[in-house]
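The block underneath contains the structure these notes are about, expressed in structure tokens.
The chains carry the letters A, B, C, D, E and F, assigned in the order they are written, with residues numbered from 1 in each.
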Amino acid sequence: DRGIRSATPEEIRAGLTADVYFVGTQQILQHLHKQEQVVAAEVFANHAGILAGVEETLALLAPLPVTVEALEEGRAVAEKEVVMRITGRYGDFGLFETAILGILASSSGWATAAREVVEAAHPVPVFSFGARHVHPAVASVMDRAALVGGAQGASSILGARQAGETPSGTMPHALLLMVGDTVEAARAYDQVMPPEAPRVVLVDTFKDEAEEAIRVAEALDGRLGAIRLDTPRERGGVTPGLVREVRARLKQAGYPDVGVFVSGGLTPERIIALKEAGVTGFGVGSYIAAASPLDMTMDLKMVEGRPVAKRGRIPGLTDNPHLTVKLANAPEMRG
Amino acid sequence: DRGIRSATPEEIRAGLTADVYFVGTQQILQHLHKQEQVVAAEVFANHAGILAGVEETLALLAPLPVTVEALEEGRAVAEKEVVMRITGRYGDFGLFETAILGILASSSGWATAAREVVEAAHPVPVFSFGARHVHPAVASVMDRAALVGGAQGASSILGARQAGETPSGTMPHALLLMVGDTVEAARAYDQVMPPEAPRVVLVDTFKDEAEEAIRVAEALDGRLGAIRLDTPRERGGVTPGLVREVRARLKQAGYPDVGVFVSGGLTPERIIALKEAGVTGFGVGSYIAAASPLDMTMDLKMVEGRPVAKRGRIPGLTDNPHLTVKLANAPEMRG
Amino acid sequence: DRGIRSATPEEIRAGLTADVYFVGTQQILQHLHKQEQVVAAEVFANHAGILAGVEETLALLAPLPVTVEALEEGRAVAEKEVVMRITGRYGDFGLFETAILGILASSSGWATAAREVVEAAHPVPVFSFGARHVHPAVASVMDRAALVGGAQGASSILGARQAGETPSGTMPHALLLMVGDTVEAARAYDQVMPPEAPRVVLVDTFKDEAEEAIRVAEALDGRLGAIRLDTPRERGGVTPGLVREVRARLKQAGYPDVGVFVSGGLTPERIIALKEAGVTGFGVGSYIAAASPLDMTMDLKMVEGRPVAKRGRIPGLTDNPHLTVKLANAPEMRG
Amino acid sequence: DRGIRSATPEEIRAGLTADVYFVGTQQILQHLHKQEQVVAAEVFANHAGILAGVEETLALLAPLPVTVEALEEGRAVAEKEVVMRITGRYGDFGLFETAILGILASSSGWATAAREVVEAAHPVPVFSFGARHVHPAVASVMDRAALVGGAQGASSILGARQAGETPSGTMPHALLLMVGDTVEAARAYDQVMPPEAPRVVLVDTFKDEAEEAIRVAEALDGRLGAIRLDTPRERGGVTPGLVREVRARLKQAGYPDVGVFVSGGLTPERIIALKEAGVTGFGVGSYIAAASPLDMTMDLKMVEGRPVAKRGRIPGLTDNPHLTVKLANAPEMRG
Amino acid sequence: DRGIRSATPEEIRAGLTADVYFVGTQQILQHLHKQEQVVAAEVFANHAGILAGVEETLALLAPLPVTVEALEEGRAVAEKEVVMRITGRYGDFGLFETAILGILASSSGWATAAREVVEAAHPVPVFSFGARHVHPAVASVMDRAALVGGAQGASSILGARQAGETPSGTMPHALLLMVGDTVEAARAYDQVMPPEAPRVVLVDTFKDEAEEAIRVAEALDGRLGAIRLDTPRERGGVTPGLVREVRARLKQAGYPDVGVFVSGGLTPERIIALKEAGVTGFGVGSYIAAASPLDMTMDLKMVEGRPVAKRGRIPGLTDNPHLTVKLANAPEMRG
Amino acid sequence: DRGIRSATPEEIRAGLTADVYFVGTQQILQHLHKQEQVVAAEVFANHAGILAGVEETLALLAPLPVTVEALEEGRAVAEKEVVMRITGRYGDFGLFETAILGILASSSGWATAAREVVEAAHPVPVFSFGARHVHPAVASVMDRAALVGGAQGASSILGARQAGETPSGTMPHALLLMVGDTVEAARAYDQVMPPEAPRVVLVDTFKDEAEEAIRVAEALDGRLGAIRLDTPRERGGVTPGLVREVRARLKQAGYPDVGVFVSGGLTPERIIALKEAGVTGFGVGSYIAAASPLDMTMDLKMVEGRPVAKRGRIPGLTDNPHLTVKLANAPEMRG
């Protein structure tokens, strides 16, 4: 299905996503009768951040005759800290350097950004709403990393399943526009949804948010869990003042327990201000999705018991007591 | 294969990467007997940039009874410009909003960053070296977007195939460290490689780059295409002065035609300075790979002939003469 | 009426608003038999700006035996440019130095700020809405200065009279809140107002501005001149996007000729952006009202034909060909 | 006296300084038979600052059938804090909204700036010298606000009277220029002034300030209270070094008790530096006079017992235990 | 005379100011039988600037068996431009590397700064007043460099001689303080000085500068060439306003031709503003004296006909057509 | 020897480096019969810093009939603190004002900068390598001042002697380039040097620094004291990463005790980062050599017992208990 251009797990396992220059390497090693050398390679992070993607990397490496030591997912790692060490014949794992670094770097980048918003929002929960900013092939990878970083749920179906969530209750602007009235749509949604699903109704489509919030609260008669504010930038976005007012007007109308869920261009700074105004849930999209990868480097540090390194790095294994053995299938290294 | 967590093309086509709240929408529309309404939705970019991902989106939509108008891939789009319009029954395509936006946003983000470095490097060619910074499932999507943005080649195997490249000739630091000497590795590589592949030898692993460059040039005796400089930050990175010196020393040693290929932390500013110093090729990784998605929004603008829009947007279709019909399978809209 | 603490014109003419140290001066001059000396004093602006307050100053000086040369109101003056020269016995006008400088400085400060917003808004008209930011005793002085600076009208009753305006047509939020519905209030206002007064209805009190604008346009059936947007900061203020959307929705509803009048925290930067979005009138309050006075200095430059100056200034009259004689009642200076 | 354009207390009481759109309001309310509604309006400050103008506002409202609660003058108020609440028939006080806000905003702006310089100068006294920067109609209003903010005296005659000061003793540059010598002028001033008035002599008109200070001290033979430094910017202004030198030279000449009073372009930063150098009094003009109004907003919050508010504000009365009843003449509100 | 710690010309010629590590070098070369090798060394500037010190360097090298090519003094050189090339046996000149670089770097640094102020002041002349900021051993070197950079004269006796000036006419503050009166000192100075020396009298010691200027002009009765202003920072320094006022007052007193010479903390920015105010001469001290050396590097580029260079530089001679042969005493280089 | 333009100690003592206007002063004083007046002059620093040059100044003044009080060399002085007081007949010492200020200002400027790098490097020693940035006549003056500021040694021969150092052991790039190989040069240098001199070998000329360091360590077989890194900017300069790597590789090769000496463009910031990486010695050139002079002012404060001062200064002696009498040869002051 090359219409959709992302690689399948089979293609990844077949090494097709590797950098091309790994291809000739095995051939050259054979030419030089060095293909049986056992080596140790270390992966380190170029910046501090939250580590993620370890489990997926282990799943990629599990079938191979390699030994892998690694840190735990979700751990805060320091700049230049070694996060994984792979020992084995280079020909057996070298082709996967690109994939390993890519999995760790992208997942850790997302987890790091998620941690930032989670800390800003604490104790109000954060949900990963970033699926629409990344390629669908990796939407659930991102959602998984956001959960590692502390998010409480995620918007993509695969991501929500990872969080053990049932498909959660809110609705797209499109539905409201087709129905033509928020209250009518909210009533239908209330009738169709399973009783245990929380009712979260988007109230910024047609009318003033405060007006619509009260209309919907009245229509759902106690079953409304939260309203969702996603006011676009053209209308000034969601401000702390809007949240305070909506909460106050709902309370005056007899609905003090209706929550306020906010989404749209959220950053740690905005989250802090909105939390103080009474928000009960945040949906964070681009702050997580557009996070830079936490770039990783893999360096060969031992070749058959001999410490090596390229210029700029220190030869030999790097001490990190937090590494634990995850796979133990490598042939023995000679020295 | 849920060890590798990325979604397969089949899962994407099955809607499993959608935001969960699209799931209940179809049910609600049926409850309200509105499932047959024909609507028009427009996608616009929230920032200016280079459009990519259109072809992949069309491949996703091709099996559906929808009509699609879109701009061409590679086109520079303005802030808020409509880049795609989809007409059809909402139930037939709504589930794909997340995937469509994700494909367009991520690909356009990468293409936009690629265009920036390509313009800085012009006329020196740029190659996408970012595979190691993104999840392997999307490495080739990124490489494809970089080509749309003007890159001349890409480092991932799938990416290189898209560029019609044969696996290109360079080598990892790991190979050099196992062999133990750059010249020995270069000789083996020269013997193993097909004659038409350009010989590009990495010269920053063991010794001074200038010294190594001359040793390799002598060893390959006229067959050396270029040396590659990737000096790490710990050693000051690749500076214009280093490039000038290496070129001058190669020339004095009788190798005026050996190119200098540079990689490692390149940005448009550094590229401009290095180009002036005589670089003949650039490998750009994180500048492209870590680019923010060019965030896209999809808005319903017509429902059965009636202009609509949520607050903050202008109801009805937006005029854009550059849109052309790509698919034409929608049922007719009633008005 | 010392409950209201501002000074009356009579008190000003009686010198009660002078700096106290002018009081003893006349006594000392008599003690020294110098009270008959004829002197020339020059007033200059310490910064560039728009000159205003000249007519009011002349009205203050008219009863006195002095000769006054001055520049015209509304003229752009340079830093340190002499704007007025007063010749006469010091005892006859010295007591008014404080008042003269105060009138010129405050009026010129307001006129300068008004000119800035008028230039930003050009050709869209600006109205001075600053009365609520200044003491009521000087609200009409400020409105007068804003007119000198180029404003087309002013909101205070005395200010509007100076502009030759009939009390213009808009309404306070309070009226709307008492009536309880914008349309009901708009209808009553339409019935009560004289036919020639333009109908300008405030639409941000209860409901979404776009929704309310259309409701009002329909209710007034062709007689609506403009809607007024004054959305508070808590709701994101008035954005260019809101203006564009309201105009588009009004046009789609069949009211392309209804204007959009905007007020609330306007600055030259915001005015430029809003003008592009289609605003047809601006009400500017604090930008004009809170303008710094254009500080003025009065220096004695001749005493009975002898050039004098304090340290830091150049003795003798300053050449300025744009000064013209406004009053000519001084006794002759001996030299 | 429309030559002088400021409004008289009578005009203010007659509502002529109101925004014109309050005029039609009463008519519309009658048209709708709502003129008897009793409402509550709250005034809040948009920024933190020092409250002033309360007494003058109460004097304006005293004749009306309204109940007024307010904070005390001189109190530090927080952003958005309610500073006054007015209850009554809207028709009875609505016309005064402009005046009330203008009095409170302008007075509080001046008091806030005065407090800043007073705190910087503490314990050295500050005098308000700003009369020449504002319209004479409000010079005493500003001086009164400066006293509320902590100033010890004021330069305008009406302002000085409010501070209970006898006209204080200093002299204008003009007097010195007419007399032609500082010592001669100082002697005459000493002879003319009442014995209890402190002798403060301006010493920067003709000669070096230190030289002149000693000449004057010798001439007044123990009766000199202070010299005043007002060196213009063209001569480098008054620096801490100048103050230190003048004090030292006076002390060496046998006049250690002569004070140094400084004026001219003072800001909190300069005051702090000058205080350390030994200044004994500050005359602050434009820092106080050019202060921005502390902008105030009046919102209707109750209509006949029903909580109301425009969008962006929270309906109903705002709790502020520091409000106390100042006037109690409103008819009862029905609910 | 080691009380005064500077080195004598003899010590410099004897190599005692060299970096110590040049000492062993000759010994090692002999040990290796390489002392007869003829080499070429190039000196380049690390920044753009004005070249000075060339003649002094040539004087140092003249007795040696070397060939020297160099650029002209006063020339603007580019970053990295070769300014001098020395050919000879290394043992014959290597010991002087430190001295050569020191002469060129310090002189060029001073000349570069002088050029900046000269360009700012043009066409008003600049005099180097920096002797008091540098060690007396190099005061005349600095003055010489300032002349190369465009200064018209210099304050040190040796510096003034280089400019062909007779000891110029001004006076120290100390003289004035001993005499006790500026006019008395000026008269004595006028009587003692040779008739052709311009009379420049310092007028900021006792009294107001303007007052003193006129007193002196009257006392010298047409023979006063200029007054000098050097007002200290404690008194606000020399401002453009002070210059304008002094010039105006001198002109009004009948002395339009008396110049105004300014010194004290001058920078290019201040010079530009003061020049517009009418200054007729500038004395610049610390801006020239405290200039950073224009750091120079000497690199060996040829050894017996073989291009060499250390890492970071390009082996072999650098083309610079502006170099001309200044000395031609080297033995021939073998190759 | 006017080829070398610096002044000799004899010329300095003869007053030839004085500002020319001191020349006429003595003549004028005689003309006025004031040459016998005894005066006191104080020197103060215009900025805070480290005092140096006192001993040299005393050596200059020792032959004169003056009394000198001064602070100690190396003392931290405050802004405006009096550092020296000279009492005597003005004619006996006035001519030396320029030289005194120049010695103190330049030495104190260098000492102040040296102190900054010494504090950054503490406890790692700093050596003054700045001789090549200053005129050779003052290279040893600068080195002496650096020692006063805390440097442990200096590179110039005269400077090293002052530090009691034997000519220390390192080598110029030129030697290495003539020999053609670092190891060969190191061996020769090891054979030629006295046994007690530490072997410090420059390793950045030909090959990778780490490679060369190990080659040299092996060649000198335990006698290598330190390698020196001076990597030029074109090659990225010396980074903390390079230092760490070189130290680690030397240790792995069995040479853990070889030090790392770093030079080249060092600043306090870079020194702090490099110290953490394990540097054992710093050679600081331009940071010390290019330091601004700590500008000094000399003011006459007493004339025959009468306190005097120019405008801007306070007449009479300034109290500073840290001044101690260094010379006591002045005639008595009358008063």
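The rule we apply is simple: a residue touches a chain if its C-beta (ideal position, glycine included) is under 8 Å from a C-beta of that chain, and two chains touch if they have at least 3 such contacts.
Not measured: the values here are computed from a predicted model.
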| item | value |
| --- | --- |
| Those chains which touch subunit C and also touch subunit B | A, E |
| Mutual neighbours - chains that touch subunit C and subunit F alike | A, B, D, E |
| Residue-number overlap at the subunit C/subunit E interface, same or different (half cut) | different |
| From subunit C, the most remote chain by mean C-alpha position | F |
| Chain whose Cα centroid lies at the greatest distance from that of subunit D | B |
| Between subunit A and subunit C, centroid-to-centroid distance (C-alpha), Å | 57 |
| Distance from the mean Cα position of subunit D to that of subunit B, given in whole angstrom | 64 |
| Rounded Å distance, subunit E centre to subunit F centre (Cα mean) | 20 |
| Junction residues of subunit C, two or more chains touched | 206-208, 231-235, 241-242, 244-245, 311-313 |
| Arrangement of touching chains [line / ring / star / complete / other] | other |
| Pairs of chains, among all present, that meet the touch criterion | A-B, A-C, A-D, A-F, B-C, B-E, B-F, C-D, C-E, D-E, D-F, E-F |
| Sites on subunit B touched by subunit C in the complex | 307, 311-316 |
| Contact footprint of subunit A on subunit F as seen in their complex | 208, 210, 241-242, 244-245, 248-249, 252 |
| In the complex, subunit B residues that touch subunit F | 206-208, 211, 231-237, 239, 241-242, 244-245 |
| For the subunit C and subunit D complex, residues of the former touching the latter | 1, 3-13, 15-25, 27-29, 31-32, 34, 37, 39, 41, 56, 59-60, 62, 90, 94, 97-99, 101-103, 105-107, 109, 129, 131-141, 144, 155-158, 160, 165, 167-180, 184-185, 188-189, 191-193, 204-207, 231-235, 286, 289-290, 292-293, 295-296, 298-300, 303, 308-313 |
